[in-house]
Each structure stands twice: as structure tokens, then as C-alpha cells.
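Paired with chain B in one complex and with chain C in the other, chain A is shared by the two complexes that follow.
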Partner chain A sequence: MSVLAALARLRAAREGVAQPIATVRHCHLASRPMVLVPLKLAGEAAAPLGAVVGTDPDHPRLLVVPQPRDRDLRFSFAAELAEVLLPYVEGFAGATETVERRGGEPYERCLDAPQILVPNRPAVTFLGLLGRSTRFRRADGPCPVHPSVPLLGRWLTYFADRSHRPGSSLLLAATEALSTHWATGQSALEDANLAALVGWIDPPEGMSGARAAEEAEDPLLWPPAGPATDPGFDNEVLAPAVRAYEEAPSGHAVERVAQALRTQLEPTWRLMWRAAGLLRALPEGGRVGERWEADRGSFTRFVERLAENGPPQARRDGAVGAAARLAGLERAQAGYEVQRAYDDPLIMAEYRLTGEAFAGTVTAADPGHAEGEGRSRKLRPLVTVKTADPVQPAPGTVLGSPDRRGHAAEVVEVAGDEITLKIVKGMGRGRTPAPGSVPEPGERVTYTSLTGDFPSSPALPDPELTPWTHGGPPEEYVPGDEEAREEWA
Partner chain B sequence: MNDEGRGMTPQREAAAVVDAVLADLPRHRGVVVDSPPGAGKSTLVVRAAGHIAETGEPLMIVAQTNEQVDDLVERLATERPDLPIGRLAASGYVAPGRIQARPNVSVAGRVADLGDPAVVIATADKWAWVGDRTWPWAIVDEAYQMRSDKLLRIASLFERSLFVGDPGQLDPFSIVDGERWAGLSWDPVQSAVSVLLRHNPGLPVHRLPVSWRLPATAAPVVSEAFYPFTGFRAGTGPADRALELTAGGMRTCYDRALEEAASAGWALYELPSRHTVRTDAEAVRAVAVLAVRLLQRAPVAHSERGSHRVTPDRIAVGAAHRDQVAAIRAAGVPEEITVDTANRLQGREYDVTIVLHPLSGRRDATAFHLESGRLCVLTSRHRHACVVVARAGIPELLDAHPSAEPMRLGVPVRFPDGWEANQAVLAHLAKHRVTPLL
Partner chain C sequence: MNRLDALRGPVSARPHDARAIAALAANPGCARRALLDAAGVDKDRTARHLGVPAPFGRSQFAITRGNAFEALVKENGCAGLLRLLRELFGLAVEEVGYQDVESVGAHLRHSHTRALIDRAAREGEGTAVFYDHPLLSLEIAGHTSYLEPDVVAFQLGGRFHIVEIKSFAVIDGQAAPDKVAAAARQAAVYVLALRTLLTDLGHDPRLASHEAVLVCPENFTNRPVATSLDVRRQLAVLRRQLARMTEVDRLLAEVPDGLTFDLAPDGDGVPTRPARELAEALSRVPARYAPDCLSTCDMCMFCRSEARECGSTDLLGRQVRDRLGGVSGMAEALGMAEGVLTPAEGQEEIALLLRTAERLRQECLR
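Our next item is the complex of A and B:
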């Protein structure tokens, strides 16, 4: 935990209400997100028990598996979920824009993309497992399923995979999104309880956050947000209802299970929309749109992949696939950290504390300063900044600034609390710097060694050319009947 | 310690291993050599490079950082002035003076611009951009610090290769969670050697048995804590090395710590137990004062190579985190003394080191702080003495945080265990404890 986050937690504990640790919203929030709250059967890896899903807070759709141990019912649950989820997702595939790119063919990108909100990380994991158990199924052959089931499996796998990418907002876990913006007076483990977390951030009138969080620990008032259910509910309510269905599988018995699940899901459903409202109230960070663009691009590529009828995502990453994914994730992580700091002075403050950034006031500027003569003359304006921040960068370090896009400066000299910088980028092409591109005396500026210039990563071999050090070329995937008979699914 | 090594002189024992390595080279696609700290890894690389160059076939050498590449180029150019050497570098690289002056070294950004040297050396990152040629031979240096995804990018460049590295140092890491690939034989966040050996279990693995760097006071401690099953011994005896503080002290606690380190090879400067922020002001100050005081005491090192004054460039200060390094630097350590993180001190050698213990003042022991490689790097950089600065209470902290990492299917068990290695080192340091008077 960083010093500032620790401080915010202490303050939250003292004040009895969560403290902001961000001044802007760092995730995209769609105008019409789909909320999905899944429940699973205790003791099973991926046996769905029920779910509420929908895009309208007032009209949740409840899906129920009256006997979660019955595999046919599990796959009809998947088909039902597909009925809601696929039209929503595919609704974004139609409208596209053409994106020009430097040194490459222009490509198509969807104008908007779907966004799914789930309560927490275990819900993401559950959706990933549900995707794993359904994406290899087939509509023909042994154990056939509805044709929408394998398609749902691919989408769920895609969303779960994508949610591991730092800064992606296609599938968001509410507890994670909230905890990146607020610090509570409880432990990180307790923050994973959505009701407690929302209690701290937005306690009911006349109640402290701490008290609201305490109340949230009572499973009768606030049932767990899933996918695991309350053991008391399992034993006393669910088990008898499932047994009744077992004995007489009537519409009435199904309704009994549905009613039981409704009591467990409804409070979380309302919480989810409150969480979305809390996030929506924050102004969006300046670079969130860039990351959403990347999400839209990724979504478009997956739509295209499905249209080409490619095989489902492999069970495991191959050697080349794993390395490629790792490179992508690391890039996204580094970029996300930089963008967050640039968007938000409160996050930048963390870097100022560790000496990776400083803020101060410009005391002198020489905008006309240049190096070299004649054709090799380069504009290199000098700026002196006075700062009270503790650790200062070494001469030669290249710095970026959140105040100006495309701006870069090199540290020339550090004398006491005054730092002289040489501006090397972002002044335009003229003989004198473009107006506003050089900070003026009296201006408050922030500089950081955190910059978004990441070298592109070198190419990986084709999977068919995997070298001997990594096990040689992999065997080709041939879909067979094996998958349909997988025992655990 | 290797049993077969007993009775042989360290020189002969080490030479026998090198001969075996060279003999294995043409017989296998890959040969792995494990080298404990200061066991003559670079010597082996230079020797093997000369050996391969004599066959007349071109050789590529891969190291992990530009500094390592420059070190190798310098070494190779000095010992083999007859060998044309190409140094491949990214744009923006400025060759340091020690390389520019060499007549047999050419520096360029593309292989084609190097002429046709017998040996081409570059970092793994740079090699990954070279795609249009294959070399019959390669040497991969610091292969345990290389991530397997880097090897994947360059493995098609060579036909056979010698992999050299220190398994006890820091494992490669990633800023993202690699759990998804845990247990896969080609896990991209594992080291190049572990992935190589999992796919090619038949490749020969040799071990260099003698550390020429670590003194007789340090080799057994480091060997037992970090190389519990393979082990190594010091190449020098207790009488071969001595550190003499030629200027008189003032019997301060700092003086006593330095005197203990000079006579015993180790000292633990132990501050009172307390939970602190990472840049613990007292500990940082103690490290800086010790460094300054050490220079004031005008240390002279006596060893098998003769005697010399320990100048600031022969002293290093190590810590776990970058902010600690910055704080120590700001606390007034003389400019010429190296202050850096464990990651950056890997592969380097000094006469005396001063270490801020990674667990000092912490409330918890995370996997990062428990990683045995981190402590191993910090406590195995010195030829003469190592002073560790720590807060009391680390053994209790360790007892409160037993390793609780989840077990994963298909992941080979790794030794040493960081928890146990930390305890072993602390148990030894406790014998050389100096506490400040309060």
C-alpha cells in the first residue's frame, strides 16, 4: 500500500466514511451497461445456480437452474443467458468507423462496445469458467446443445480474458472499480464485499460508513454478492426448494427456487446500479477515452474473428501465444500507470512522494534558447522550476508533463531546490516555440520521469516455427467429440 | 560441497569443470552451466568464445543488459586482441571509452554494418530485432535472469548454444500477474533455463564449484543458505584475504560495526525493532554514515592479488527498492560509491558492501521481500566484507509470515526456499551483531 493510500484509509477510519483516492474516473462507464450477477452452486467449480441480468435497473431478468446438478439444465441456463447477452453484445457490432493509421491499411472499428458489470473478481473468474465449459460444446454430435451455447462460451471467455488487461473496461468488477477510487476504513479483504464497500462510500442518511459496513456483514440483510451463496441460505432455503423440484418438477417447484434466488439476488442488483451511479458521478479522466478506443478495437477484432468461423479459443496458451499475451499485458500495465498519473493529480502525488515526479513554479524561462548552428540548429528553450518536493531527478533524465501533450524536457542541472530543464519536444516546427508550448515564469508545472514512450516489442516467431527450446511447433487443433464428453463441465 | 572436489586444489577442480563443458559443446544442442557468485562465469564465457572462434565458425553472444555486454566486450577484446568483435547496439547507444579505444571492436546498429566479425555481442532485446541470419554457435550469458519469452524471440538465430548463469540470483519478473501460465512448460515469465530444461531434459548441466570472489568467511554462509544442494567453496583460504582499517576509529557503534566486518567478514548493524515506512530515516542514515565512516577509516584490502586501498568505486550500497536507493543517495553517500537495487547489482563485484536488509522495519514479509535471490545478490557482491543494516525483529517477522504461496500443478519445486534462506543468513549474522548505544 502506498503512503497516500494508507493515509486515506486512516482518515476513512477516523471520519467513518470512505475517502477519495482519485479525482477523476479512471474507467470507462458505458451509457447502457449490462449488469450481470451470477450465482453458483456451493462446492462446484462452474455450476450455475442462477443470475440476474439486464440493462434496465427496473427490469432485471432472473435466470434459474432449479436443479444445478442436472447438466442439461445447466446448458439450458447458458442458452437463456445467451438469449439476453448475445443480442446486447452483437448490437454494437453493426456501426463502425474507418480508422486511418500511419504506415498501414485503414481498418474498421466499432463506434461503441458492450460493457458488462459484475459484482467482484470471483464473478469474473466464474464467467471465465462458464465460458470454458461451454465454448467447446457443439450443436451436433454427442451431448448436443443449443447453437447459441458455444457462441456464448466464446464471448464469456473473451470478456474474462480481456478483464485481465489493465485499463480495459469491457468487463468490470464493481468492487475493483470502486476501490481504485475510494479508500475505506476496512481491510482490502473486507473491501471485496460489495455491500460493505458501498456502505462505506455512500452510507444511508444518518448512518456512518463503518456502521453501514457492519450491517452489510449480516447475510440476512445483505446476501453475499455471489457467485458463492450464504451457507445458511443453502441449507435452510435452497436445499428444500431443490429437493421439492427433484420430487415433483412442476412449474410451481421452479417458481419456489426462483423465489428463493430472487431474495438473494435482488439486493445485489440494486447495489450494482448504485455502484454504477457512484462511478458515473465522477468526471471521466482525460485518457480514459483512449483506452476505451483500444477496447473497441479489440472488440471489433473479436467480432471479425467470429465472423471468420475460427476455432474457439485454445484451452491453454501456446508458447508463442503466451509470450504475445504477456507482452500485450505488460504494455497495457505500463501505459495504464502513466495515463492514470497524467490524468489525476492525486495519483501523481504518489510519484512526487517517491521522487519520480515534482511540481513547482517556473522562476525563469528562456524560450528562444537554441543549440547548434545553421541547419543543425535546434530549439532548446530553458526553463527553471523551483520545487519543494523531496527527491529530485538526475541530470540527463528525460521528463514528461501532464500539463502539455507531447511535451518532453531534459534535466540540465539541479541546484538546491531549483531545477533547470531543457525542452526537447512539443514546440512545433517553427524557429520560435509555438505559443503556449514553453511554460512561463509564475506558471505552476508538474514534471515526471514517468513517460508513455514504450519501445515497440520485437516480433515473435510464427507458432508453426516455435523453436526447440520451447518444445517445437505445437500440434494442430482438431475439434473432436472429446470435448463434448468432458466430465467436469 | 562436491565430494569429488575434496583433495583437489580449487584451481584444478574448476579447470576440470571448464574442460568438461568445452568437451560437451559439440556433442549437444545446448549445454547449461550453473555458476555461483564470482565463480568465474565471465572467464568461462571468454574461454568458450575463444574455443569456438578457433574452429572458425561465427559466434553470437547474448547478455541481458548493455552494461553486461560492454563488460564482456572489454574482457574479450583484452584477452583476445586477435579476435574481431562486433558490438551490436540500439540507436542512441554511446560506446563507453573502454570500448571505443579497442582496434578489434566495431560498433553498429545493424549486423550488416559490422563487417564480418568472428564474434557478435548484443543484449537479448537487441538480438530480437535481428532476424535474417543464423549462427552456428551462441553463448547466452546470465541465462537465469533472462525471461523465457526473450529466448523464444531469439532461439531461431542459433543452432547450438551454451547457457551460463547463476541460479541463485533474482528470478526474472513481470509487472503483470503470470498466474495464467503457471505450470505450463513454456511459461513466459519463467527463466530461459528452466523452460529450456523442461523441454530438453537430457541436456548436460555443469556446475562451477569454486567462488573466486567470496572470501572464506562468506562462501560457506552463502553456499548453505542459497545453494543448499549443489554448494561451492571459496577459492581462497582464511589467511589469503584481510581488510585493514588503517585510520584509527573513535569506538562509535559505526566503528565497531566496521571493525567487526573487517575482522570477521560480516557485521550486522542492528537498530531497535520498529515498524517503519520503506525509507526508514534512521536506517537510511545509518547506511550513509557507515559508508562515509568506512572511507574515513582508510581501508586497505590484502588479497591473493596483492594489496590496494579500497577506493569509493570498490564499495557498494545495496537496497531492495528504488525509493530506498534514492533516500540513501540523498542522505549523503559519496558520489563515487555505487548505490543501487539488488536487481541492478547483479553480476557486479566490490571489495566491501553495505546492505539495507530487505525485511528491515517491515510489518509483513511479502513474496517480493522473501525472494531468496534478492538477499543472495545483496550478500554475495563482496570480496572482503559485508555490513548489513537492519532493524531487530526480523526472525520474529519471518516466524509470523511462513511461506503461504499457493501450490500449483505442474510447477517444479524450487530451492532454496526464501523463508529458510533468510533465517539461515540471519542466524549467521546474529554472531556479528553490533547495536547502537542509545
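Our next item is the complex of A and C:
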């Protein structure tokens, strides 16, 4: 939470409607995302109760578990979910492009990737657990399940894992995506209620956001967005319906449970598409495509791993795998923060406030300025920027700029509100700077000490060479019968 | 009449359970909550009477599952539990005693628990016993609260361990961190109560181990798994908090004479006190609302609407309030940002920051 975001919350509270805290969209939004709203049984770790899922706002598919304690019914829920989810996901695996890379073999990457939208973080956690409880199952052997079930488990595990990566858009939680772009007049804790959050951002005609959010807290008007259900609903509606099914498992009894779940899921289904619409209306940030490319690459590698018949993801990472994962997440986090600031002046403003960036107008420029003589002559154009921003950088600091890619400048001197910069990168190879590579007097520019250069993560040994300090080489992970048979009580 | 009794009115004080005591630590700065709790006011009833009940429901599915799991763990005189604890502490105990304290009847449970614990502490090593349904007590601001540890206190190798049975799952060695934290806070309450009892009996309080045992279902099964839980930190927080509770006299000194939160129940126990009058009485004691209250305090909805009425920055969360340099009013903070309000002494710095932030925001959204 930055001061700017805090200020936006204050204003939202006063105006009664959410305020923007981003000027562009920082997540990828697929042209045809799949919305999935799961519900789970209270008191259980991962007992599915039902879900709505689909890619067409007008045709949600409702999945129901009429007796959530019944293990077989849970597996048929998983198989049904697989029936909807797997064709969607696998539909992206076919069309690929060849990507050349410097100093490496070219590789294949899918042209597009699937995107799953769920209401909130607990839904992501639930999908991860559902993945964990299904990915070790087997289609043959002692407790056979439909062959799609373990495959679904591996995909759900993959999506849930990937969603921890900052900047990834393969699996998005709507509340998180919306909160990145709007500040409401309530607390972050209350923003976890999707209906309230959407109410603040897009209140119904003639109603304030604050009032809409208040209405959203009534579970009778706006059932919770899951995966946890409203206890009142559980006790008064669901429990009798489940009991009726238990006494006489007829089609009628199933329909009664389905009807009960429909009342809880439909409002959230509509909210999810509204949330997608709100996000879609924002212009996409300049570096969102780059991150989506990384998502596509990751998706492609997972498709390949499945095609090679690799084992399902292990229960726990080994030492090397865990270190690599952590380093990857840290880099993704740092990269995401920098990219957001470069893409969005409103995010950059947060760094301007803390003195890590400044914006101003160019008052003088000497594009022909050079250092050294003869062969060691280096073009070093000088630019003077006048700024009203509070904190100013120390001489010698190297700065980047969101205005020009590959551009870098070094602070030469700070005199009052004027900063003289020496451009050190991004002018081309000629004796004079490439056209447009040096800011001209009168131009509005932004510079920041925030750059995308992170120290690369330390080289990690191959898992076979894990040192004894870290438990030595891990045993190769082979899921056994025990896991395939694991109870799901 | 005791001032706390006067605040509560002519009903018996509501006893605290471990969960409530653990929650005391959640918002130590709230005078309203401190007083209501010290007086043993039934906050849930109060909030209901005001028409703003807290949204704390429990699903019968969760309750059923919790009870079934607890029964399973305690089956056959806790035989399964013994196996788990033997593995956890690496002890070679073959035999174990089982004492169901509940068998003596509710009114005697506390004294019976005392006697049993006293005997066990005296006899020392070698007698491993489970105590099912023990009843401990803890003094909270002058009132005795009776506590029922998630039923089992256990003595093994000369030490007592509190065993908490919870029905949330531990999956591949991991559980939901908020649930584990809540369990640790509750266990700390029991450890403290047990240590108090040992001290009373003249034993070494350290006989009650700070390592509580958490028993949860493993993965997606009903099979219990035990994990040891170090609650030293939670104990320290709790002690500090309870010490503060005794400062309730200081809070009482600021309460206007004649103030009461009495619901004035009629013969059938239906409150007759006008809700508006009650609300007014409550507003005489300052609250310290924070969004966290929404998950911990029965009075949360009342305090939130009060905070809304006075436009407090508390509504937006502690993080926001910290960012605003602790400025308490939303209008005040916005006024400083927009330059229409002259900052008070000591606020110049935050006012400058807010003004700059406002300028940057306007510039970017133009």
C-alpha cells in the first residue's frame, strides 16, 4: 500500500465510488477466458460441492455433488470438470511458433494459452488442493478412476502453482486483479468480497459504491463468491437437500441440490463476467504481452512434460527445486514491479514520491557532447531536466526511462531543481545520436533508478548433485500405489 | 455494587472461553472491548439487540466434521492418540491411563481436575495419563473463567502437554497458517491456565510444557496426525494482555457515573432496553475499530458504522492509516492533501507528503 493508493482510498470513501490506481491494465485478459466458480463443503479440506464453469457468459455449466461426503461422487465431479476444462486447455496446445534465442537452441512456443478466472485467492487454493487430491490417482489398479481425473489434477496443480508467480495471468483471482487497478473506500480485508468490490467499482445506476458494497454483505442478496458457502445457506437449504438425496437418491433429489447451488453460484457467475468486462475496458500495459509470452512458454513446457509421460508433480519440492522455484519467484516479483512502473505513470508516481524516480521538462540538451579522444571517443549527450519532484538522485546514479527502451543515463550534477544527465546507452552506433534518442528541450521526460537489471540468481547444482547439507541427492520421485489409493474421506 | 457489575446489569457475567481470551490479544487498544469483556457483558446479545449482529455463523457440516474427528481421536480411551504422541516425542510408553473427568459431574469437574493434576505432579514420572474433559480456570479481570482444553491434557515423561484437536487438514505437512495461528493462541490459554493451577498447587509451573500438541486430519483422510506447536510467543502476548486487563480500573475511572450496558431483560429474558439508549451508552466508551475486528469481535458492525459516521481512517485498515502518518480523520487527511486545511503542529511533514502525492496523482490522471 503506497501513499498514493491510500489517498485514492480516502477519495473513494468521500466520492462513494472506487478510484483508479492504475492507468493501464497490468494483467493479460484472454479473448476467451474460462470462468470457474467452485464451492466446497464447509469443514473439509477439498470436498467439492459444486461449480459453474464455462467460456460463454450465457451458458454456464453447473456441476453438482449431491452428497459431498461420497467419494465416488467427488470423482465423478472431477471427471465432469475435466470434461469441460481439458478440451479448453488442450485446445491451445496445437498451434505453436518457433522462437529463436541468442546462444541457445530455438524452441517451440504455443501461440496462445488458456486463461482461467476464479473469484478469489481461496478459490485458487481450493483448485490447488483439488489438484493435489486427484493427480496421483490411476485409471487402473485397486481404486480406478476415470483417466481424465489424474490429468485434471496435474493441470489444476500446474495452474495453482503458476498463479503464485507475480505477473502471471494463466489463473487469475478476480478480487486480486480488480484490486490492482482500483482503490475502494473500504479496507483491503473487505475487498476480498467480490460483490462488494465490484459494487464499489461499478455500482448500479443511482446507487453509491458504498451502498452497493453494503448490500453485497448480505448473504441473502449476494451469496459469498465461494469456495466457502454461507453457513445460513448450509444449515437451512443445503443440509435438508443433501439429506433428502441420502434418503432417496433420485433425479428429483439431485435437482433439488442443483437448484440450491444454482442460487449460490449464479450471482457470482454474472459478477465474474462483469469483473472481466471492467478489466477488459482498460487499455493493456506495454509489457503485459511480454509477461504473457512467458506464460505461454511455461504452458508449452508443461504440455511437453505431459506428452513425455513425466510423473505427476511431487508432493514436496526437493532442495534444489525449491531453491530454484524461490529464486524464480523473487525475480518475477522484482521484474513485475519494475515493468508495472515503466508501463504506468500512476505506478511510477509512487516511486517519484519516494525519490526513486523523477519527471520533468528538458531545459537544455547537448546531443553532440562526447568524452575522450580518437578511438576512445564516446558519445555522451548531455541533457538538463527541470523537476518539481521532491527527492533527487545522487550524482553517479544510473537511471532508466520509461520513455525510451534501452535508454540509460547517469546523473552528472544536481543544482536546485535542475538535474544534468549524461546519456550512456541507447543512442545507436553512429558518431551522432540516432534520431529521437536524445530528449529535446521542452520534452517531458521521466527517469528512474528502478531498472530491470537484477543480479542473476546463483547457479544451482543439478538435483543429483544436491550437497549433503541439503539432504543429499533426493530419491527420484515415483508416486506409488499408496498415493493412488489415498483416502479421500 | 461493583462498577463492572453495574456496567453489565443484573445478569450473571458471561464466562470467557479460550477462544475469547485468545481474541483479547487481537485488539489491545480497544477500551470498549476491554470494558465489555472485563464486565462479562454478552457482546453477541448486545449486538443483536442493537440490530447489528456480527456475521459469524457456523455451518452444521463443519460442526459435524469437527465432532466426528474429535470422537475418532479419543476412541478407545485415546489409544490412537497414544500412538501418535509416542511417535512425536519418541517415547517408549506401552501403557497409558485414561481418566474421564466428566464422569464426576459438571459441578465437580474443576476440583476433580485439580486433584488429578496434583496427584500426577506429585507422583512424577512413569504415569502417563490422558485427562479427558478436564476443567481449568483462569482469572480474567477479577472474574474466574472456566476453560475446557480441547479436552485432553496429557502427562508423559513428567510433563503435561495440552492437546488441541482440530479438524482442519494438514496436507503434505502444511496447514492453513491462520488456522494454525488460532490454534496456537488457544493452546497458549490452556497452557497458562494449567501453569497457574500448578503454581497454586505448589508445583513447578514449567511442568506444563510450552509445546502443545496439535492433532489434525492428515491430507484428505480422517487419519489423525500430531504436530508439536511451540506456543512460547503466544504465551508472552497473552500474559502481557492479561496484565493490561487488570488495568481496567483506569478505564473505569473514565466511565461516567451511572453508565450501564444493561439490556434490561424482562421475565422471559427478552431485552427491553431501548436500542438507541444502549447505543448511546456504548458510544460513551471509545472503541478502536480496525477491519480485523470483523473476524474477531461481536461488536464489529456497531463499531464500524460508528467509525463511518465520524469518517475515521481506521475504516480503511491499519496499513492505510500508517501510510497517512496516523492522521485519524479522512476529511482531515484529504484536506491536507488538497491544501485546503492547514496542518496542525507536528503534521507538516505528512501534509507535505500528502500534497505531493495529490499533485502527482492529479498529474497522472489528467
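By definition in this document, the second predicted complex is superposed on the first by the 484 of 489 C-alpha atoms of A that agree within 3 Å, B and C clash if a C-alpha of one lies under 4 Å from a C-alpha of the other, contacts with A are read in each partner's own complex, and residues count from 1 in each chain.
As a working rule, a residue touches a chain if its C-beta (ideal position, glycine included) is under 8 Å from a C-beta of that chain, and two chains touch if they have at least 3 such contacts.
Everything numeric here is computed off the predicted structure, so don't read it as measured data.
Once the two complexes are overlaid on the shared chain, A:Ala188 sits against chain C while remaining clear of chain B. With both structures placed on the common chain, the touch criterion links A:Ala415 to neither chain B nor chain C. Of the two partner chains placed by the overlay, only chain B lies in contact with A:Ala323; chain C stays clear of it. Within the superposed three-chain model, A:Val3 lies in touch with chain B and with chain C [touch as defined at top]. Once the two structures are superposed, chain B and chain C can be ranked by residues of chain A touched, with C on top. In the superposed model, A:Ala95 lies in contact with neither chain B nor chain C. When the two complexes are overlaid on their common chain A, residue A:Pro458 makes contact with chain B while staying clear of chain C. By the touch criterion defined above, A:Val478 lies against neither chain B nor chain C after alignment on the C-alpha atoms of chain A.
When the two complexes are overlaid on their common chain A, residue A:Gly232 makes contact with chain C while staying clear of chain B.
Across the superposed pair, chain B and chain C both touch chain A at residues 3, 316, 390.
For chain A in complex with chain C, the residues that touch the partner chain are 1-11, 13-14, 20, 23, 41-46, 68, 129, 132-133, 185-190, 217, 219, 229-232, 234-235, 238-239, 315-316, 345-346, 349, 352-353, 388-390, 486-489. Put simply, chain B touches chain A in their complex at residues 29-30, 125, 128-129, 131, 148-149, 151-153, 155-156, 174-178, 180-181, 184-189, 192, 195-196, 199-200, 277, 322-323, 326-327, 330.
For chain C in complex with chain A, the residues that touch the partner chain are 55, 57-66, 167-169, 171-173, 217, 219-223, 291-292, 294-295, 311, 313, 315-317, 319-320, 323-324, 330-331, 333-334, 337, 353-354, 356-361, 363-365. By the touch criterion stated above, chain A contacts chain B in their complex at residues 3, 164, 166, 316-320, 322-323, 325-327, 329-330, 333-334, 354-355, 390-391, 458-461, 465-472.
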